[in-house]
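Note that chain A is present in both complexes that follow, paired respectively with chain B and with chain C.
Then we have the complex of A and B:
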């Protein structure tokens, strides 16, 4: 692998990871991250936060030590009053993100983590779903100056609040995308198995809601980051593949387009590197 | 009208420009190719004076071409009354010179039985309804309604024109590979590009459905008809097909083929409609015709 050339993460055809065009006045977009068993996406979440803070995913594109040095010398691209990103996770605690982002030398004041793993059920037990969703929206948009919201596995709300996919989309995802310029939805798609419209196979109600939610996320998104393991399993020097492809939403009104690409990635200790396929 | 049925490209342009008498146009899409491209083409082809009411369940951004932008709600009655507040009343519609178009970016959010009511209430000769349906979106069906048609079946039954968009696959193998990947929500590269396949089904007043397949380009705004080569090839006789099957010679010579093509089949004459659909009675010498009988049909 030493001879293989490293590759920088480029999502749009202006060679950017998060293009400035996405944050223009009146623009609202959804990015969709899908992951499978054995290839968890926190490194990509960290890279997106880092992009928002420093302008590029330094740790992903460079070696860890040089990235840390550059992070020290480089000033954040926005003023410090504004949160660069807000992370809401139903899968990881806030300590998890503080630890991971701390290693990337990102100041805790630059981002905010909402921990909905630790005591979400205790706090919202017996409350009506509509009220819980409203309070969540209120919490997440309180820092109205933020431009990037990352939702890690919001599909769990369907089971936690006993609501349908349509309610989750219409009463939670849509209101958030209306307020925040870029919303990143990170979902786990290992159990997704859609036999299609022509199939006579009967799906369980839970599976129907799961598929509807994930499909809905696809149709809303402008770009899909698909993370999956290698077809042949995990190799010694390759963890999996990252496919960047167009989502279902139209980009025709923007001056940019999605730069579709497929990368190999290798996660070792705390660092992830991308390689040419 | 007859000329359009012979030119599929003109028919498609007329459907997109809402010039065909088609109050309900259904756009069927999938993850492989979403239907936004068709909505944009319709907005481009229609007159600028057309009032476009865009009802969105998926996007929070008002498209540039939309006159009014509404966000979809779960309550069908509330949604209907909101949309209707932007449309003319039947009395106003009679005198109005302007066209109205309601675009719904995804009717999958409207629960099965309510869809019919929504379509019936909105689509009319003065208001065209253009609705997108994601065909791979599963829907919950209660056991009592197990044999009731699916939402897609109902919409396809009601639609006067159906525009199905599909990704443009290079060959059958890659199409199958894409399908198996999409079944697991693994989105391959190259889908949702500016080139796609469009299958137009247009229902005539007689009930006859015309189906054409086009290769479209959203950048050049071109619609090239794809000839169904497979069907034609399949209809042609392959001499090797009959080899070794029997001891008889089942192949036809060129002379026999020419003779076969020249045979005028009876149903072709019936389709000419020269007689306007009337029953043609030819009087014969043995027929008894009573002139005094008022109910006697002279022909």
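Then we have the complex of A and C:
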């Protein structure tokens, strides 16, 4: 693998990761990231935040150390008062993201983390779901100056607040997508294996809701990033595959198209490299 | 499935006992972690006061200082990420997790397939290890102590079921008994020892001279050096599952919380324990999660189960510099297809391993193969789904059927799995396929001409 050329991450056909066209006034888009057991997506989340702060996912496209130095010396492209990205996570605490993004030399003032792991249950367990969802939207859009909102595992809200996928979409995802230009939904899809008609076992209601939520996200998104381990199992020099494909939403009104592609990637010691399939 | 040698040691046997490098603030370390300042001091003193680096001392650089004493006997830095790590009580499991233990702030789930209960051994040794660490300081343990155990169970006699520290084989136990009896100051012992010294001493000296052991102080010095190298002497213990920990842990060392109370009650009680034992490492254990005898049926619904796990995860992460959690779950009750319970439960844990006991045919095969070495018979496979910290940063560590486990009186062993060769089968097939060359031309059938 040492002779294989490293690949740069380009999502759109203008060779960009997050094209400027996405952030034009009045435009609202959803990007969907799916991950499976064995291939967590923190590196892709970091790359998207980095793109928003520095203009490109430097650590993915260059060697980690030189990218960090370059990132440090580089001036942020955006207005410094504006948060480049807001991350809301129901699985990890804010320390986790500060640690990971700190390694990329991203200033903590350039992004914001909403920690919905710590004490979320204690604070909201007995409250009505609609009230909780409203307060979440208020918190996330309070600094409406942001252009990129990353939601890590919002599907957990279905179980934490005991709501259906429709309620989650209608009362949470949709209002957010109407306010913020680009919303990235990061979901864990280990249980989603396209159970078709030949499935011998009855699907549980939880499973049906989960599938419904994921399908909804797929149809709303313009790009789907699928992160999966190799079909052949664990390999020493490959962690898994990143598949970039179009989602259900139309891009015909934009001057760009999704550059559908499949990469191999290798994550080791906080550094990820992409390769051609 | 790998075909590695059975004798191969798990992980890297030459794991450095001392961290010679100060953990970088930007490498794999959330700001609240405690980088064990004492180890750095030890190293600097060893290399003669050389300055380690120009970096600020990590403990000073972190905004939130750890409440745990750096000299805690049950904490050591991880060889993989330098995070403070707690022993699980099973040495091989420590190695399997790639950190020589479970890093603080991490949650480990041990799933078990079929109706066996091997995972209870891991739970009990994990719990007993915490109690043993707590008692290292002696009589202070009951009042002050360094570790506290929290068990979310309805089993009130959990404390009485914990295994004791392995004392050695029967012979060793007898020897230690004799030596302790001899060391007691009695008239008979003193008379005997004087007589023995007079009669045996010259003979002993001769033997000692022959083997170069005459200079006792030298050998003691060597031993001391070896023990010095062993920087974490009380980190991990071996437990004898046939014995019991005596005296059984009291309420000063262990807190039992019923997991089937209201959610807010469970979380409030757990928080109260963390508040009460502010300067202790807290080991949280959830044995037999979702066991039908303990949990009502409503807990198999994610809307009941997930808030509980989410709340517990939140508390462990909040106290990430002094808490670890181990839970076990029988995965047979929840199939992977069509049901979302298992994937969502796995999602709530940082590390997941699964035990798959061998079916009867396989056990019989192994018994046949290891007829002369019954202590080599493995009892099942170990699948690794997630490793602490490493999987969370995106590395792929799903290893199915690469390891096997063996449960013995002395310890729960995990080793690389390879299908053993059945010698009897090969010899049989050889004899049927290739008749001996010497007999090729001979036949017992009489031929008529």
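Going forward, the second predicted complex is superposed on the first by the 268 of 277 C-alpha atoms of A that agree within 3 Å, B and C clash if a C-alpha of one lies under 4 Å from a C-alpha of the other, contacts with A are read in each partner's own complex, and residues count from 1 in each chain.
We adopt the following convention: a contact is a pair of C-beta atoms (placed from the backbone, for glycine too) under 8 Å apart; a residue touches a chain by one contact, two chains touch by 3 or more.
Quick caveat: nothing in here was measured; it's all calculated off a predicted structure.
A.B. asks: Looking at A:174 after the superposition, I want to know if it touches chain B, chain C, both of them or none. Which is it: first, second, both, neither?
C.D. replies: first
A.B. asks: Check the residue A:203 against both partner chains and state whether it touches chain B (first), chain C (second), both, or neither.
C.D. replies: both
A.B. asks: Could you look at A:214 and tell me whether it touches chain B, chain C, both or neither (first, second, both, neither)?
C.D. replies: first
A.B. asks: Quick one: classify A:6 as touching chain B (first), chain C (second), both or neither.
C.D. replies: A:6: touches no partner chain.
A.B. asks: Taking the superposition as given, does A:260 touch the first partner, chain B, the second, chain C, both, or neither?
C.D. replies: First partner only.
A.B. asks: Scan A:119 for contacts with chain B and chain C and give back first, second, both or neither.
C.D. replies: Second partner only, chain C.
A.B. asks: Which partner does A:134 contact after superposing on A: first (chain B), second (chain C), both, neither?
C.D. replies: Touch status of A:134: no partner.
A.B. asks: If you stack the two complexes on chain A, which partner ends up touching A:156: first (chain B), second (chain C), both, or neither?
C.D. replies: In the superposition, A:156 contacts chain C only.
A.B. asks: Taking the stated contact definition, name every residue in chain A that is touched by chain B in one complex and by chain C in the other, in rising order.
C.D. replies: The answer is residues 193, 195, 203, 207 of chain A.
A.B. asks: If we count contacts the way the header does, which residues on chain A are in touch with chain B in the complex?
C.D. replies: Residues of chain A touching chain B: 26-28, 34, 166-167, 169-170, 174, 177-178, 189, 192-197, 203, 205, 207-209, 211-212, 214-216, 218-220, 224, 226, 228, 243-250, 252-253, 260-262.
A.B. asks: Taking the complex as given, what residues does chain C use to touch chain A?
C.D. replies: My answer: residues 26-32, 263-264, 267-268, 301-303, 305-307, 310-311, 313-314, 317-318, 320, 335-341, 343-344, 346-347, 385-386, 391-400.
A.B. asks: Across the complex, what residues on chain B touch chain A?
C.D. replies: 31, 34, 36-37, 40, 57-61, 63-64, 71-74, 106, 108-109, 134-140, 150, 152, 179, 182-193, 218
A.B. asks: Residues of chain A touching chain C in their complex?
C.D. replies: Contact set of chain A toward chain C: 37-43, 90-93, 95-96, 98-100, 102-103, 117-122, 125-126, 153, 156, 159-160, 162, 188, 190-191, 193, 195, 199, 201-204, 206-207, 210, 229, 233-235, 239-240, 267-270, 272.
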